[in-house]
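To keep things simple, chains are lettered A, B and C as they appear, and every chain counts its residues starting from 1.
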Amino acid sequence: MSRNITLGQYLPGDTFMHRLNPRFKLLSLLFVLTALFWLKTFTGMGILLLLLILLTAAARVPYRYLLRGLRPILYIILFTLVIYLFFTKGGVVLLRVGSVTIEQAGLFEGVFIIARLIALVTASILVTLTTTPLALTHGLEFFLAPFKLIRLPVDEIAMIMMIALRFIPTLMEESQRLMRAQMARGADFETGNIFRKARNLTPLIVPLFVSAFRRADELALAMEARGYRIGARRTRMREETVTWRDWIAVTAPAALLAAVIIYAL
Amino acid sequence: MEVEQGEGGTVITQPIIKTEGIKYVYPGEAGEALALAGVDLTVDQGEYLAVIGPNGSGKTTLLKHLNALLIPAAGRVLVNGLDTAIEDNLPVIRAQCGMIFQNPDNQLVATTVEEDVAFGLENMAESPVQIRARVAEALKTVGLEKLAQHPPHLLSGGEKQRVAVAGILAMRPRCLLMDEPTAMLDPESRAGVLDTVRSLNRSQGITVIHVTHFPEEAALADRVLVLDRGKMIKDGSSREILTDLSLLHSLGLQGTVAAELAAGLAKDGFTPPPGLLHGRELVEYLCSSALKS
Amino acid sequence: MFIRTEELTHVYMPGTPFAATALRGVTLAIERGSCSALIGPSGSGKSTLIQHLNGLLKATAGRVVVDGRAVGEDRQEMLKLRRRVGLVFQMPEQQFFAETVYDEIAFAPRNMGCNPGAVEARVKQALNQVGLDYGKLKDRSPFHLSAGQKRLTAVAAILALRPEVLIMDEPTAGLDPANRQRLHDLLKTLNREAGLTILIVTHDLDQAAALADRILVLNDGRLVMSGPPAEILTRGAELRRLGLALPLLSEIMHGLSERGLPVNTAVFSLDQARREINRVRKQGATL
């Protein structure tokens, strides 16, 4: 069912986070991530985490969405913590079981590292939750603009990205439907060794390709009929307006980064 | 030739569409029968024209010539006086003649409804302010303003077709070309799309050229063309053509249900008036004369 | 009863913010050898329902019973069930993948583990059943057939399972009137002569009335009406409220009846309508 397929993570809303210019948003994300890697003290990390918590509240993003985003890296977080706890030595011995010890340095560094991981993922999720995939594409397009100098067809690449975003849910739905249709003809996609499985995919892949090509054909025709011409000048419905908010959104993390570097936070 | 264009109503100084002996063969099918074998057609601004014919009769091929998706191999097509074979005319022709395709899924480009409606205007390099105003207006006209932010894949087939219509409307076209726009829709959506198009024709004077294989849809038009094997074999009022059952049956087509039933009743000694096309006319005839003695 | 569902409920992606209930406690029964039509507006749960009948989807609550056995978890049972209950999806020619019509139709029997001789026999029989010429078509590419031939080939690909039940989702979607008629005739023949139990899913009351001996109406995941076409079609107001267009003939007959003529509004063919109008005329003459 198509209704179950959501693309990206966009959470509709109308907060200042949603309204930020996507270019500025991406740029400030870049500053925040850089600051994260420069951070060396718990004070700095504390300030940054506080900032992220405030932003999450301001964007009206429910915390469970952040937690859901963190779930995939849960094992990485646990694994990292365990490694640091047991292998980084120094400071007071906190726990001793036989010859295995957990020492203060291990705890501190482990916690610091996972705080960094969590902050990194949270910041990225905040951006994707408050930016439509299309706006993200526009933002990325801006950063790709310099490549126009080396004749990279940036506008066309952006168009391709938009079409991909548009059709991924459609094709996902179609592959589910095809799979069931072939199962109704006795196809088996579950058993057998890897070679057998790969061969069994033919009845799925061939029709998917056929359909994708037909869609591409029809879409190209429809785009042409609506006046799309490669290389012709186009405008955009959304003006990328820049307000004082956008400047704040970029200068604040830039200032944070500077502070982190200068004061060695 | 220039056309004076007023707001809404247009001063008609020349036909919106004129084809002169157009012929077409699909590439790679040389030696095969012509897809179009010399079609002469004149359509005036504001007409609602249906095109019917058996599969492979050239309906879609003809339609694709009318906004320069195909260029005739012989003869020429003039859209509002502009020759489709001249490359420089294309942007204007495409803006004046929008096309709705059969599959609602494969003509929407963008990830939200409003971005999709804006697509044509963006191609015309209109200003962002202008685009936003016209997108809002077009979505209102087709009654989808509430869905402006929705991704297309969450819409029903009928809603998708209306988004496609809005995308064309936003370009302020003079003519709407439709290639079996309801073939993949359920009856309810079908009615929604047809109502929208009909009212655009009535209230804004937009010319509609509608390829269909449903007789009841063709009956919505004022004028009907019949194509067979690339030739236009009949051109007349919808009443005249959709009740000409011997012609339609010889091509494997059907008349409207009312026309078919009236023809059957005529064999039983009823005398329905000639040119009976719509169900309500048959009901009227039966109630007022035939069955009330 | 051959197939029945008991309080069948299906929720897509349960327990997520995207949870969507498609079926809400559907109880229905389909008799062996019958031809039923399942109709309902878009999104009423029709496609979801039929995919339960051969085990492609699993009930969230309630159950499906086929020939006295509840559809369960067992894999072998499930594979057997899919052979007995053949399901043709909407626009089935979009599933084609093989190089020849033969291989396309042989897909199902090969999956069943038939030996080459048995496969050939089944392909021959299936093509024969749908009225296509085995000798002429078996080596053709299924992608290069006409629209009508493609649809028939897709039906043959399911018939090669030799199912007892044939379910078709929107059997005539996208076909022109001539091919639509051909498919109608085929379904009638399969039902009456080959004895297949048939269930079609359609938006189209016209089609349901022309083919089925029983109509099931689904709305918003619930079974809201069921009965013979003659009964369902007299409930015009209810059907219109569900957004289902009445067959055009019925519209005319309803028009006559609203004007006070004593016609039976449940007619399914031009001939029936003609007879009915003539009957009323004769009655009028004798009154």
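Heads up, the rule we're going with is that a contact is a pair of C-beta atoms (placed from the backbone, for glycine too) under 8 Å apart; a residue touches a chain by one contact, two chains touch by 3 or more.
These numbers were taken from a predicted model, which means no experiment stands behind them.
If the chains shown are joined wherever they touch, the resulting network links each chain directly to all the rest. Of all chains, A has its CA centroid at the greatest distance from the CA centroid of subunit C.
For this structure, the chains sharing the highest number of C-beta contacts are A-B. Averaging C-alpha coordinates per chain places the centre of subunit A 44 Å away from that of subunit C.
Work out the mean CA point of subunit B and of subunit C, and you get 31 Å between them. Multi-chain contact residues of subunit A, defined as those touching 2 or more other chains: 3.
Among all residues of subunit C, none touch two or more other chains. In the complex of the two chains, the subunit B residues touching subunit A come out as 67, 69, 90-91, 94-95, 98-99, 101, 103, 105-112, 114-115, 118-129, 131-132, 135, 149, 151-154, 167-168, 171. On the subunit A side of its complex with subunit B, the touching residues are 2-3, 5, 7, 12, 132-134, 162-163, 165-166, 169-170, 173, 214-215, 218-219, 221-229, 232-239.
Those residues of subunit C that touch subunit B in the complex are listed here as 41-43, 147, 173-174, 176-178, 203-204, 243-245, 248-249, 251-252, 255-256, 259-261, 270-271, 273-274, 277-278, 280-281, 284-285.
Interface residues of subunit A, counted against subunit C in their complex, comprise 1, 3-4, 6, 177-178, 180-188, 202-207, 210-211.
On subunit B, the positions that touch subunit C within their shared complex are 54-55, 156-157, 183-184, 186-191, 213, 216, 252-254, 256-258, 260-261, 264-265, 268, 270, 279-280, 282-283, 286-287, 290-293.
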